[in-house]
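We call the chains A, B, C and D, going by the order they appear; numbering starts again at 1 in every chain.
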Amino acid sequence: MARDFNTQGRHEPNVPSNTLTYFFKEALRRIWTAKRTSFVAVTMISISLCVLGSFLLLSENLQRAVEQWQGRSRVTVYLSAEVTNDELKGVNAFLAAHPDLSSRHFVGRDEALQRFTTYFTNLAEVTGNLEENPFPPSWEIEVRPEIAQTRAFDAEMDDLRKVPGVDQVQLDWEWTRRLRHIIDLLNVIGIAAGGVLAIAAAFTIANVIRLTMMLYHEEIEIMRLVGATERMIRGPFFIEGVLQGTIGGCVAVAILAAGFFAGQKTLAPSSSLLWGFLFGSFLPWQKILVLILGGTAAGWFGSWLSVHERAEE
Amino acid sequence: MARDFNTQGRHEPNVPSNTLTYFFKEALRRIWTAKRTSFVAVTMISISLCVLGSFLLLSENLQRAVEQWQGRSRVTVYLSAEVTNDELKGVNAFLAAHPDLSSRHFVGRDEALQRFTTYFTNLAEVTGNLEENPFPPSWEIEVRPEIAQTRAFDAEMDDLRKVPGVDQVQLDWEWTRRLRHIIDLLNVIGIAAGGVLAIAAAFTIANVIRLTMMLYHEEIEIMRLVGATERMIRGPFFIEGVLQGTIGGCVAVAILAAGFFAGQKTLAPSSSLLWGFLFGSFLPWQKILVLILGGTAAGWFGSWLSVHERAEE
Amino acid sequence: MINFYHVTKRFDRYSTALHDLTFQIDKGEFVFLTGPSGAGKSTLLKLILRQITPTEGQVVVNGRNLNTMKHSLLPYFRREIGMVFQDFKLIERMTVFENLSFILTVLNVPPKEHKRKAYAALRAVDLHHKLNAYPLQLSGGEQQRVAIARALINDPLVLVADEPTGNLDPDMSRDIIRIFADANLRGSTVLLATHDRELIRESGRRVITLEHGRISEEKMQIAERAAPRSEHVFGMAQ
Amino acid sequence: MINFYHVTKRFDRYSTALHDLTFQIDKGEFVFLTGPSGAGKSTLLKLILRQITPTEGQVVVNGRNLNTMKHSLLPYFRREIGMVFQDFKLIERMTVFENLSFILTVLNVPPKEHKRKAYAALRAVDLHHKLNAYPLQLSGGEQQRVAIARALINDPLVLVADEPTGNLDPDMSRDIIRIFADANLRGSTVLLATHDRELIRESGRRVITLEHGRISEEKMQIAERAAPRSEHVFGMAQ
C-alpha cells in the first residue's frame, strides 16, 4: 500500500477541487441527519427575519402613507390687494424659477371672495354689502415637506417676501410641525425597533449555532484528533450555517408574502383608508433580496462566531 | 447493609420533604456547571423580553403623547347671530347637562371679530368698514377623541343642533380623522409587532431549551436507566428553566430601565417635544411584573415543552 | 430471578442479535456470560434492564414480566438492579461523588448517609481519592470502577455487569470479581458478561456462552487457582 | 521515532500522572505499554498525539519536537499517526463507512478509492458486514474494531493503540495483534497499551511497564506460544 498521505501530509495542500463538493455534501448530510436541530435553527432565523421583514413592510407602506399626508403641506402667497400686472409677472417669474414651488395654484380675487362666503356663510351679509372685492389674489403652493423643512427653503421664502407685489407668505407651519413630529416618532420607533430586532436576530442566530456547535463538540474534537484542518472542520459548518440562513430568509419572505397578500385580499377591500395604506404594496425586490441575504449573512456570521470561539479553547 | 430501597422502591413514594430542595440545588448546580449554556438561555430570554419590553415602553409613552394630541380635538358651536339671552341660557343648560362637553370656552362677538382681524390682517379694511359686528358668538369645546368617535356623541351633536339659538355645530373632523388614522396605525403596528414578537419570544425560548435538552440527552438517558422517575429528571429542568426565565426577565427590565433613564437624562433635556414624549415615564410596576413573570412563564413553558417532547420518544 | 423464555431480539431485518433464548438464573446465583464480540451479551443484559424489549418471547426478572409491566413502574423496577454498563454511562457534568449521590437520591437514601456510603463504595474499588474528580478527568479503568461502585452502592437485588473489567489490569480485575462475589454472598444475584477467560476459569461458577445470538455452551466451571503473577495480587487469588 | 526526555505531566497540584519519564522507541519497533489502571498509559499516548502538552520535558515524535511545533502544523502531524482511543472516539452521526471515508478525506485519498480502502480495512477486523451501521448500533467490541480499522486504514508512520482489545474476546484480540504486527512489518512503528498479560507474553516484544507514572520495568518479553484454547484461534498463535 502506498504511503500516499505521507508526502502530501507534510505541507498544506491546495484545496482539492473536491473540497467544496465535500463541504456541501457534508453540510447537506448534516442538515439531514440532524433534521431537528436544523429545523430549530431555520425556524429561529426565519422568525427573526420575519420580525425584521414585517417591520420593513410596515415602514415601507407607512412611508408611502406619510408621504401622501405630507403632500398636503402648503404655502400660501398673498399678493397685495393693489398688485399690478407687472408685479404679478415678477412673482410668476420668481415662482417659475424655483422648481420646489412648481405645484401651485392661482387663486384669483373672485375665487377668494367665493371661498370666503362659502366658509363663512353667516358672514354672507357682510360680503354682500361690499362694494368692491377686498380679497387679494394668492398663490397656493404644495411643497414637499422634506423640502419645506430645510434652511434653503426658509431663505427662498424670505426672498419671496421681498418680491414686489407679495404681501404675505403664510407657511402652513402648524400642520407641518405636527406631521413632522409624527414622522420623527415613526422614524425613531423604526430605528429603535429595527436596531433592537437586528441585534436580537444576530444574537439569536449566533446562539443557536453556538448551541448546535456544543452538540457537535465531541465530533469536532474527534475531527481535530484525527488530523482534520480547521478548514475541513469549519467548512461544512459554514456551509450549513449559510444554507440554513438562506433557507430561513426564504421562509421568512414566503411567510411575509403569504401574510401580506392574504391581508390585502381580505382587509383591503373593506377599504378603510388605513388598510389601504398598510396593504399598499409588498416589499420591492431589493428589500426581499436584503432579507434573504440577511439570512445568509446571519448564518455565515453565526457559524463564524461559534466556530471561531470553539477554536480558541 | 439494610436493603432499604427495596420496600420503598416498589411503590411510588410521597415526595420527600427534601425533593424540592434537591430540585433547586440540582438546578442551581446545573446552571453553574453549564454556565455557558445558561448564559445563552438567559440572554435569549432577556433579548426577547427586552424587545417586548421596549415595545411596551414605547406604546406606553406614545399612548400618552397621542392622548395629549388628541386633547386638541374640538367642537365649535356657532350660535346664530341674533341669539337671544334665553337661547343662550338654553344652550348653556344643554352643555352643562353633558359632562363630555365640560371643557369649553365661550367666544363672544368681540373676541370673534378680533380673531378674524388677527388672522386676516389683510382684510382689516373690510372689518374696519363694518358698522356692526357681524360675527356670531360661539362655544369652543374640547372633546376627548375616544368620545368624539362614538355614535352616542354623534346623537348628542344632533340634539345640540336642534337647540334653539344654535346655528351650526362644526366638528373638527378632518384633524380628528387624521389622528384617528394615526392612532389606528399605531395600534395595528402595536398588535402586529407585539404579537409577532411574543410568538417569536416563546419559540426562541422553547427552542433554546430544546437544544439544551439535546445537550443533556445522554444524561437524561442515564438517569432513566438507573431508575430515576420522570419527576426527578424533569424537576430540576423545570426549576432551571423557571430560574433562567425569571433571571432573563429581571435582566430585561434592568436593561430597559438603564436605557430609559439614560435616554431620559441625555435626550430629554434637549427637550424637543418628541423626546419629552418618548421619555415621559417608565413602565408602571404592573407591566414590570408582567415582563418578569413573562420570563418565568417562558422558562416554564419552554421546559415543559422540551421535557415533554423528549419523554415521548 | 431472571428467566428468559424463547427470547428473540431482531434490530433489523438483516441481523438477529438473540435467537430463541431460554434460560433461568436463580436467586443468589453468580453466573458468567461470555462469547465472542457481537454474540449478543450486551443485548441480553439490556433486555434484563428493559433498555430494549424483545421482538419475541418473555423476559421475567424479579417475578415481573417485563413485556407487560406498566411503564410507570419501570423506574422502581430498575432501582432493584445494579448495572455496570459497557460504556460506563457516568454523568459527565457531575463529579464522582455527585454521580453516586444522585443514585442514592434516586434510591431514597437520606442525604446525610450519602457521604458515608459513597466513600465506602469508592473505597472498595480503591478510588476514594478521586471523590471530587469529574469522569473526564479519570482514566478508563477509573471510570469503570466508578461505574462498578455505582452499581454496588446499595446492594441491589440483581447485579448485572457488562464487561466490568475490560479496562482493568488482571490484579484489579480479580479484586473486582471478589467484590461481586461479596455482594453475591450478601444476597445479590449476579450476572457478569466478560471476555476474560482467566477470570472465569479461576471462579468456579456457572458460565453461559453465547455465539451468534444462541447459547452454545452452559456449564459449571471448575475453579482453577491462578498463581500470583506480580506483587500486586490480592483478593480472591490469595 | 518517539522520544521522551524527562517528561512530567501534572493535571493538578495533587496528582502527577507522569513522572520524569525518559525513553526512546525506534523506527519500526513494536512496543507494549502496560501497567495498572491509572498508571498513566493513556496520558503518555495523549502526549504523543499532542492531545495534551507536558508540564515539563520534551516529547519528540517523527523528528518533531511537539513543544515547539507550530499549531498550524498539528493536523499534518496527526495524520502521520494512527490512534486507537480507549473510548473509540467514533463520530456518532456518521455510519461506519462515513467514519472511515472521513479519515480518508482528511488524508487526501481520492474519493473513488474510499470504498475499496474502507472495505479492506473493515474486512481485516471482520466487520465488512457492518459498513452502513451507526456506531450506536454496534456492540462494544465492534465499535472498538471500527476504531482499529480507522487507525490502520492508510498505513500510518506511527500506530498508537490504547487498550485496543479491552472489549474483545481473546481470539479476536490475538487476531488484532496480528494485524498490528502486519502493519509493523509494512513499516509502521507500533506502541500498544494493554492490560492483557497473555497477549504480551505471547508476543515476544519489548514491554514498558508504568506504575504510578514512572517506568517500573523495561524488558524484552520472550515469546511464549499459547496453546489454542478454542476452535476460534487463528492468527499469530498458530
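Definition applied: a residue touches a chain if its C-beta (ideal position, glycine included) is under 8 Å from a C-beta of that chain, and two chains touch if they have at least 3 such contacts.
All figures in this text were calculated on a predicted structure; none of them were measured in a lab.
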Neighbouring chains shared between chain C and chain D, ordered by label: none
Relative to chain A, chain with the most remote C-alpha centre: C
Chain A and chain C, separation of their C-alpha mean positions in angstrom: 66
Distance between the centres, which are taken as Cα means, of chain B and chain A, whole angstrom: 24
Centroid distance [mean C-alpha coordinates] between chain D and chain B, Å: 66
Whole-Å separation of chain centres (CA-atom averages), chain B against chain C: 61
Chain-level touch network, classified as line, ring, star, complete or other: ring
Every chain pair in contact, whichever chains are involved: A-B, A-D, B-C, C-D
Residues of chain C that touch chain B when the two form their complex: 49, 51, 72, 75-81, 83, 85, 89-93, 98, 102-103, 105-109, 111, 150, 154-155, 157, 186-187
Touching residues (chain side chain B, partner chain A) in the complex: 36-37, 40, 43-44, 47-48, 50-51, 54-55, 58, 62, 65, 69, 78, 80-81, 121-123, 125-126, 130, 134-136, 167-168, 178, 181-182, 184-185, 188-189, 192-193, 196-197, 199-200, 203-204, 207-208, 210-212, 214-215, 273-274, 277-278
Chain D partner contacts - residues on chain C that touch it in the complex: 11, 34-38, 41-43, 86-87, 137-142, 144-145, 162-163, 166-173, 195, 197-198, 229, 232
Complex contact set, residues of chain B against chain C: 1, 3-6, 8-13, 16, 18, 22, 29-30, 33-34, 218-219, 221-230, 232
